[in-house]
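Attaching a single structure in C-alpha cells format; questions to follow.
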C-alpha cells in the first residue's frame, strides 16, 4: 500500500480558452479531453490521461490536488486511516472525472482538498514504449516532463505534516523553524524520491502558492524564462537556485494569476533522509539562494 | 516493508592504495574508514557511513552489492521470501562490516551476491542539515552525488527479473528483447523513482559490467571526462546519451579494470511505469543513442 | 584593410533536393534563393544573404570558401598581394552569384579555391535589429548561429600558413608538429577573435575535411546529436571536447558525404595570441580530448 | 594599426588586503605582482602579466581602463588622432606600471581615463602552449577566463561613441534611444568580435558601472552565483539573460562597492554588424530580459 506520486492538480481559471492557450502553447501541455467546464491536459512525458485539469470558475486557485495510489483496493485502507485521523472524507464516484475511476476526497487541516485515486486511462508518453527517442521533436513551449509538486499555505503546519507522515507515509525533507525553534513555518514532504511532492508554508488556509512543472536542467530553465518573455508572460522570480531542495527555478503566473514554477535538479530523498532544518532568519537564503531575501509578492500573491 | 535504495557496492581491487587514490582524488569520494584489507568510502551527498567498499583482492570484480531497507525487522521477512524463491541465503553478523549491523546475503540466479541491511552509522552529508549550502566548496574530482546503480551480466535474465519484481518488489523500466520476442537480453530494474537501481544484460554469470555514480547535469559529465583525461584515466565511452534511461553518460575504468560510469538525468519511474521495450536490432541505439552501434570492449570487458 | 570573417562555403552535393531538405530541416538553415543548379542558404543569426551555397554536382566536396572583407576597394590591394605571393587569381564578375557583387578568386598552395568579396545583400537576422529577442521561436533543427570555419587537407601546410599570415593577415592559434619538430602537420588560423576560421591538416590537396556551424553551448551540442539520431543522420564523432581550440563538438555527414560539425565554446584569440603547439604523439588528445586517439574515418573520409 | 582588446582595468579599492582576498579567492584571479599601493592580477586564461590592477585609495571607482594595441609604434598614430579629436592626452613613461612599457593616457568626453599600450610582459596562461589541457585543475572561485568589458556612465554618449568609432575604429553593436529617437542613452562598442568591449549608459560623468569577467556558459554563471552566496558576497542581479548582447549574467559587488559581472555567451560582431536599437520604453527588457524592468540600485550604485 503506497502513494506513488502527485498525479494531478485541478486549477480554477477564469478565462478557459485563454488558459488552455497558455497551458498548451506556452507551458506546452497537451489537451487530452474536455467535459463541460473542464479541460484535461498532460505533459509529454506523462503516461496517464491527465495531470492538470482546468476548471472554469469565477476566481483563481486550486480546486484540489491528488495522489495516485497503486491499487484501487488501497483506497479503502487509506479511507479508514484518514477518517481515524479525523479528516472529513467522501467518495468520488467512478466517472466523475473524465477517464478516471473512483476516488476518495478529503480536506486537509489546512483547508485544501486532496484526492487519492488509482484508476485512470493510460494514454502513453509522446515518445512511446518501443525503441523510444529521448524527447519529442514536436514539443511546444516550455515542454516540462511532468507535474512536479504543489506548494500550499496554511496555518497548522505541524498538524498537516503529522497527517502526511503518519497517515500517508510521507517523509519530510526540509522544514523551516522559527528562530526559537518553537514553530514550524515551512514543511516539505515527499512520497517519491524527489525533494518534495507537496509543501506548505505558513499563511492563510486553503490557498495555493504554486504548482510546479519539472524540466531537465538549468538551460531548460533559461529556455523557459526566454519563452515567457517572448510570450509576454510575467516572470516573478527569474532563474535562480533554491537553498531548500537545491533545485533551480523560475516562477511565473498563469492568466488567472495562479503561480507556476519550472523546476529542475534537487536531491534524492529516501525514507531515512535526515530532515534539513532552516531557521527563519535564513529563510531568504533558503528560498532564493542567490538573492538571500524574500520578495513581497512571493509571500502575498496566493490564489 | 520496502527496499529504499542501492546502498553500497563492494569492489575487488588489486592495488589498494592506488585504488584509494583513484576513488578519492579522481572520483572524489571521501575515505570514511579502514579495517584490514578493506577501505570504506562515501560520496559527499550521502549520509550513511559508506557506499563503496574497496576490498584488496587478486582479481577485480564485485564482491557484492547491497540494498538498504527501512527497518532491521524487515530482514526476516525478506529472508523468508528469498528462501521461498529458492535462493541460498545466510546472515551476516553485526559488525562484519565497519559501522554496520547485521545483514542477509544471498546469491542471485545470475551468480551475484546481494545483501540487504538496515543498520549503518549515519555520518551526514558534506553540506549538513542546518541551513545547508547546495554543494561543498572543497569537493574534489568528479564529485558525484551518490552511488547510482550497478549493471551486471548473467544468463537467466527472466528469472533474475522475476526475483527482483516478485520477491523484492522492484519495477522494470526497460527490457531488451530478441527480435523474435522470445528472449530477454537486457533488464533494467528500479526500487526508487530512478530509471534503474540495478540492471542486467545477457552475458556470463557473476560478472560486473559497471558501477555508476550520479552527477547533476551534462556539464558535470563533461567536467568528469575532462578530469579523467587530465588524470590519464582511460575513458571507454565519451560523453553521450543512452537511449535506454535517456540519461547522459561516460564510462571509464578504475585501476583494476572495474568499469565506472558518471551518469545524469534519466526519467522518473513509478510502480505503474509502462515498461519500455527495445528490440535487439536497436540495441546499439538503445545503449549509445548517438553512435547507434555497440563497441566491442563494452560487451567484453567484464570483471 | 581587413578580412572580417569566413562568409560562405560552396559545397558540391549530388542530390540537390535531398541536400536542401537536410540543410534546412536538420541543420536548420533558411533557404534564401535559387538560381540554376545552386541553392543559397543562411543561418538564423546571420545577416548577409547567404553563407552556404549548395551546388548540384556529380561528386561531393567544396567548390570554394570565401572571406568577406570590409570594402570592395580592399579587393584590389588583396589582388596585388596575392599575385605577388604567386597565386593564380581571377576576378569574379558582379552578379556571378545571387545578390553578390564582384569577388576575387584564387587557388591556395593546397589546391583549394578561396574568394574574397565585400558586396552582398543584407537580409537581416531572424531576430532583427529593433528590441530583438535572443532567439527565434520558430527555429528548426540544430539551428546554428552561423557558419564557423572550414577544415581542409593539403600537403604544404607551411606554405599555406605563410600565405594566410603574411598575405591575409591571419594569426595562427595552434599547430601540430611532428615529434622531431621538423614538419607542421596541422595549422589553425584565425582572422576573427575565434579559435579558428580556417584550418589545415596534412593530407591530400584540394580536399574538404569539414564545414562547421556554431552553436551556443554543450547542451545545444547534445540537442544537435539527438536530432541527428532522430533524423537518422550518421554521427561520426559523438559529443566531446577538442584539445585543440578547447571547443565542444560533434561530427556528422550531409547526404553527399560532406562532413559537418556543430561546434561551441573555444577560447578567444588576438593578433598577439601565443601559438599553441601540439606534438604529433599527442594528436589523438589534441583532436579528441576524451578519446585520446584518432579514428580511422576521421582521417580518411574527405570530399 | 588596430586595437586588440581591453587589456586591463585599474580599480580603486579601500582595503587592499580584503580586496586582494576577494579578487583572488572569490573571483579567482592570480596575483602576479605588487608595487607600492598597487596589486596586479590576471585571470588564468590570460597570457599578459595582468588585467586587473587594484589601487589602494580612499574611495572606490575606476582609475582608468586600457586597450592593448599591436605595436608600440601604433601609439604615436593614435596620439595624433586622439589629439586631433581634441582630447587631453599624455604619455605614461616606460615602467610606470609593473612589467609594462610606455603608454598614452587620455580623458574621454565622459571624464573617464583610457590608456593605450603595447608592451607588457607575457607570463602565459595557466594551461600553457604545449599540448595544453582545456582548464587548470587548481582554479579557484569563479575562475573567469578573462576580463571582458567595462560599462561606464556619462553624459554625452553621442560624442564618446563618435570618438570610439571614428578615432579608435570601434563598431557599435547596440544603442538605446529615447522613444522620440532624439537622444542616445546607451551605447555598446566593440573592437573585437565580442558583443562589447566597452559600453556607456546615460548618467554622471567619470563613473564606473561595472567591470565584467568572462565565464564559459550558464552553468558557470550558476556556479559563480553559488560561490558568491557561500562567500557571503552581495549579488545584485541573480542569474538572467540580457536582451542587449543576449549574454547571460550576474552582478555583484567587490568589498569597496565596485560592481562586477560574470558574463557568458552573447553574439559575434564584425565591422559590418548592423547596430541593434533598443527604444527606451523597452530598456527594462533590454537590460534584464526576464525581469523586464530596471532595478533602482542598478541605476544608482556607481563608483
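The letters A, B, C and D name the chains in turn, as written, and every chain counts its residues from 1.
Heads up, the rule we're going with is that a residue touches a chain if its C-beta (ideal position, glycine included) is under 8 Å from a C-beta of that chain, and two chains touch if they have at least 3 such contacts.
This is a predicted model, so every value here is computed, not measured.
Fewest steps needed to get from chain B to chain C, stepping only to touching chains, is 1.
The chain pair A-C and the chain pair A-D differ in C-beta contact count, and the higher one is A-D. Centroid distances from chain C, each centroid being the mean of CA atoms, peak for A.
Centre to centre, using the average C-alpha position, chain A and chain B are separated by 31 Å. Centre-to-centre separation of chain A and chain C, using mean CA positions: 48 Å. Separation between the centroids of chain A and chain D, computed from CA atoms only, is 43 Å.
Contacts with at least two other chains are made by residues 133-135, 217-219, 226, 229, 241, 285, 289 of chain C.
Chain C meets chain B in the complex at residues 218-219, 222, 225-226, 228-229, 235, 238-241, 248, 250, 285, 288-292. Only residues 133-135, 137, 217, 219, 226-227, 229-230 of chain B touch chain D when the two sit together in their complex. Chain C contributes residues 2, 4-5, 45, 47, 68, 70, 122, 124, 129-135, 145-146, 192-194, 214, 216-218, 241, 243, 246, 265, 267-268, 270-279, 282, 285-286, 289 to its touches with chain D in the complex.
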